[in-house]
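Some structures are shown below for you to check.
Below are two complexes that have chain A in common, paired first with chain B and then with chain C.
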Partner chain A sequence: MEERNLTIDLDLFDNIYRNLSVIWCIKMNDIVDINGLIIGHFPFVDIVPYITPFSLALVATIVTFTVFLAISNPEYRSITRFKEDVVRKETVEKKEARFRRFMTILCGVALIGVVTTGDIFNFALFVSLTGISNIGIFAGIKDTHVLDAAFQYGLVLMICSLPLFGGVALILANTGTLSLGVLGNLPSNQIINVGRTLLLIGAVGEGALAPFFATKVEMIRAKGAPFINMMHLSSLMVFTRIIELLLILG
Partner chain B sequence: MIGRLFNKLANPDQVPKIFAFVIIVVLLFSLTLSFELNQNQLYPKPAPQVQIELAKKNIDISYNLAPYNRGGLPLDPNNKGIVKSQYYTPYEGWITAYLTPFSEWLRDISYHLGTTIVAHPGGILDEILYYTRGLDTILESTILFAAFTIASWVILNRTGKK
Partner chain C sequence: MDPMIDAVVPAVVPQIFINMYPVAIIIAIITAVTGLLGIILAKSDFQKILLIQVVTYAMLLIVAAVGTDLAEALILPGLVVSLAEILVVSEILISREVTRRSEKGEDPRKLKLKFNPIKMEVIKTALPVTSVVTVLYGAILTGFTGGAVAGAGILIYLFVGKLRGFSHNFWEEMVGISGVAWVLWLLGFLLYFLNPQLWLVALFMSGGGIVIKVALKLGLLGMLGREEFNN
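== the complex of A and B ==
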């Protein structure tokens, strides 16, 4: 019994690899058109991130930015008041800075997943992780107006899990697959277009993109500068990736 | 007019309401479209209601797993369970029929084990969640733990402690 299993294992591993590489190398017309040649991918079952020159550049940006933020200290903000002869310096507590640094690194890891993943459901999950770690960066702030805005943004995050996962579910129910490599070849129809619209709305909400960033402007007034910049990077990356995804699906 | 609209947009209180309104508009618009399911993803099995009717007639004990009855024998390549997955795996359907002893006992005494499928360990759940969709499970629990981390940090470091 054991011997048989061992021999089967080797054969099957070979089989998996061959099958997946056939799917991923021949059928990737749409992705190759948009992104350039696929340099590499991870041929596990649903763990199918792929690397193109485009996503490699994005990953390099994210890694550099996250490393810089992870080793930097929080800012000192000097405050002067009219008719007072003192300049006060404010900064965030050490404990709070440590927590925000952790959330920044988590956000960076999630962003790497967002730009490389080859599966739309995993894309939705990575975008949700980005959104919740963005909230985490702002959770420890003690200014009331910032917390109010962060609360409203948290409401948006909870609302937009419906369009994000609903769009993915519509595409899955209509095409029967979640893999971008297969979806790139399918012609689009009405249901896929509704799914794309819902995906766009969901990603706009999670990434705090353009039409809804009134809350973001309020939140960015908080002190503790370097970690807050992660939110801008996540907006940028989610925006880039959702445009690419919509083009592949269409 | 436009200035008043922009001023409303700039108020954080209004943002979730506007966002929800946009989603409602898109969803209402999408209701008018004709919706088709992909036939390849449907399981070649009787409908859930029919499965439950069959279970009540005591024909085959495996119908007590309705609506999750996939057939097959555990770890038997010749008797695979019927599984349709998004990705090709050669081990498809090998562990679908596996149940823990406790679950087997529950299946023998009740018609309703299939409806409590989320709460008991067994092959069906493993196959769906951990085998063809492994990264999903990890990511979902990562999101959950990130939320727990934020909530516990906020509660432990709250101002105005008594």
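== the complex of A and C ==
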């Protein structure tokens, strides 16, 4: 009796596995409609990162940008003051610059995850990782004003993890799956729409998009120019990807 | 009944559990609103960080309300993300305080934080036998839950009474074993993806690995509190 149960389970598993790969090869209607043909995907049962011409362009941008930032030196900022006859030069200390470079590379890796993942929970995780590494770039700055802004951004990050993961959980509860390939074929309903709205609010907060941009503007006044540009790229990529995701889910 | 629920929820799930889902969501929304109100009313920044935990709990509640194995697996990353965010924000708060005080002319090296373990009576008077019972129960449970229970047992052993038997070196070796168990856990998962036919081996590898890893990690937390390791 036990033996028979075991074989049945394995058959079931094989069937599910085969069906999923079939779904990923042929039936990805929404994703194909929006992004074009799928160039490649990694078949990890239902966690399927995929690459389309659209996301390939995004990945190329991110990689180029991150490599440029990783090999660049921090800026020299010259400061002149009224009634002083000196031009002072300020820059970032070597240790701090190294930490910021590490955080920039981490942010780049997280962004690649954001644009290629095919699983909405992984999307939420990567977006929060982007937010955390964005704050990490600013954590070592010895400037009270910038640190104040970073603290406010941190509060927004933590509050917005609620709608982000909440939206994912609502979609999971309603459809029973997290995979974009399956979700793209399902018809939309009211609960999925609530989940989509929550996802949008969460991503807007984590990527510091429009209403929360004020904190970011204050943070960008910090010294150490090339690394903080990563924040702009992360905003742009999170924005692009969340629009694509909302279209696929709808 | 709704055809969508029929399609998603298996027939074995009783109706009462399905009806609990909206209740859980409403409770989560109430929790979130309470936390957000607290953040609005809070005066100091430190209070805000403490109250923001309530919002995080609401997030965990919504994920947990799904109530499947997958939801159980999703709670842990959610928890880790919120913990990482809290660490980052409190680090920024500390560095802002140090910057502020050094601008006033104080020496920032004097502001270094000290480790002050809490002195609680119950730690000194509890029965050490409790730890044996807890570790045994944790070993029977296995998996992540079992690891947490067994780890609590090791914590009790380390907190209660004096050091018996195990030396400093022993605990140092435990750190290594914890790392090896973690690798075993990862390999188990990898095997599950690469060759699903070997699911039983993979299950035992990851289940056994995680029980040892979590138990020893919790135990090592307790080790930090002992005086002889702090010199």
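Methods note: the second predicted complex is superposed on the first by the 228 of 250 C-alpha atoms of A that agree within 3 Å, B and C clash if a C-alpha of one lies under 4 Å from a C-alpha of the other, contacts with A are read in each partner's own complex, and residues count from 1 in each chain.
By our rule, contacts are C-beta pairs under 8 Å (C-beta built on N, C-alpha and C of every residue); 3 or more make two chains touch, one makes a residue touch a chain.
These figures come from a predicted structure and were not determined experimentally.
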Partners on chain A (chain B, chain C) - clash or fit: clash
So in the superposed three-chain picture, is A:I79 touching just chain B, just chain C, both, or none of them (first/second/both/neither)? neither
Report for A:T144: first if it touches chain B alone, second if chain C alone, otherwise both or neither. second
Looking at the overlay, what does A:A173 touch: chain B (first), chain C (second), both, or neither? both
Please name the chain, chain B or chain C, that touches the greater number of residues in chain A. B
Between chain B and chain C, whom does A:L125 touch in the aligned arrangement: first, second, both, or neither? both
Is A:A57 in contact with chain B, with chain C, with both, or with neither (first, second, both, neither)? neither
After lining up the shared chain so the two structures overlap, which partner does A:V67 touch, if you call chain B first and chain C second: first, second, both or neither? neither
Just chain B (first), just chain C (second), both, or neither: which does A:G205 touch? first
So in the superposed three-chain picture, is A:T197 touching just chain B, just chain C, both, or none of them (first/second/both/neither)? first
Partner chain in contact with A:F99 - chain B first, chain C second, else both or neither: first
Overlapping segment of chain C (options 19-27, 127-135, 145-153 or 163-171) - the one that collides with chain B in the superposed model: 145-153
The shared contact residues of chain A with chain B and chain C are 44-45, 121, 125, 128-129, 132, 135-136, 139-140, 142, 148, 155, 159, 162, 172-176, 178
Name, in rising order, each residue of chain B that touches chain A in their complex. 9-16, 18-20, 22-23, 26, 29-30, 33-38, 40-41, 77, 86-91, 131-136, 139-140, 142-143, 146-147, 149-150, 153-154, 157, 159
Chain A touches which residues of chain C in the complex? 4, 7-8, 21, 28, 32, 36, 39, 45, 48, 52, 55-56, 58-59, 62-63, 65-66, 70-71, 74, 77-78, 81-82, 84-86, 88-89, 91-93, 95-96, 99-100, 102-103, 193, 196-197, 199
Across the complex, what residues on chain A touch chain B? 8, 12, 15-16, 19-20, 23, 44-48, 95-96, 99, 102-103, 106, 113, 119, 121-122, 125-126, 128-129, 132-133, 135-136, 139-140, 142, 148-149, 152-153, 155-156, 159-160, 162-163, 172-179, 190-191, 194, 197-198, 201, 205, 211-212, 214-215, 217-218
What does chain A use to touch chain C in their complex? 10, 13, 17, 44-45, 121, 125, 128-129, 131-132, 135-136, 138-140, 142-144, 147-148, 150-151, 154-155, 157-159, 161-162, 165-166, 168-170, 172-176, 178, 189
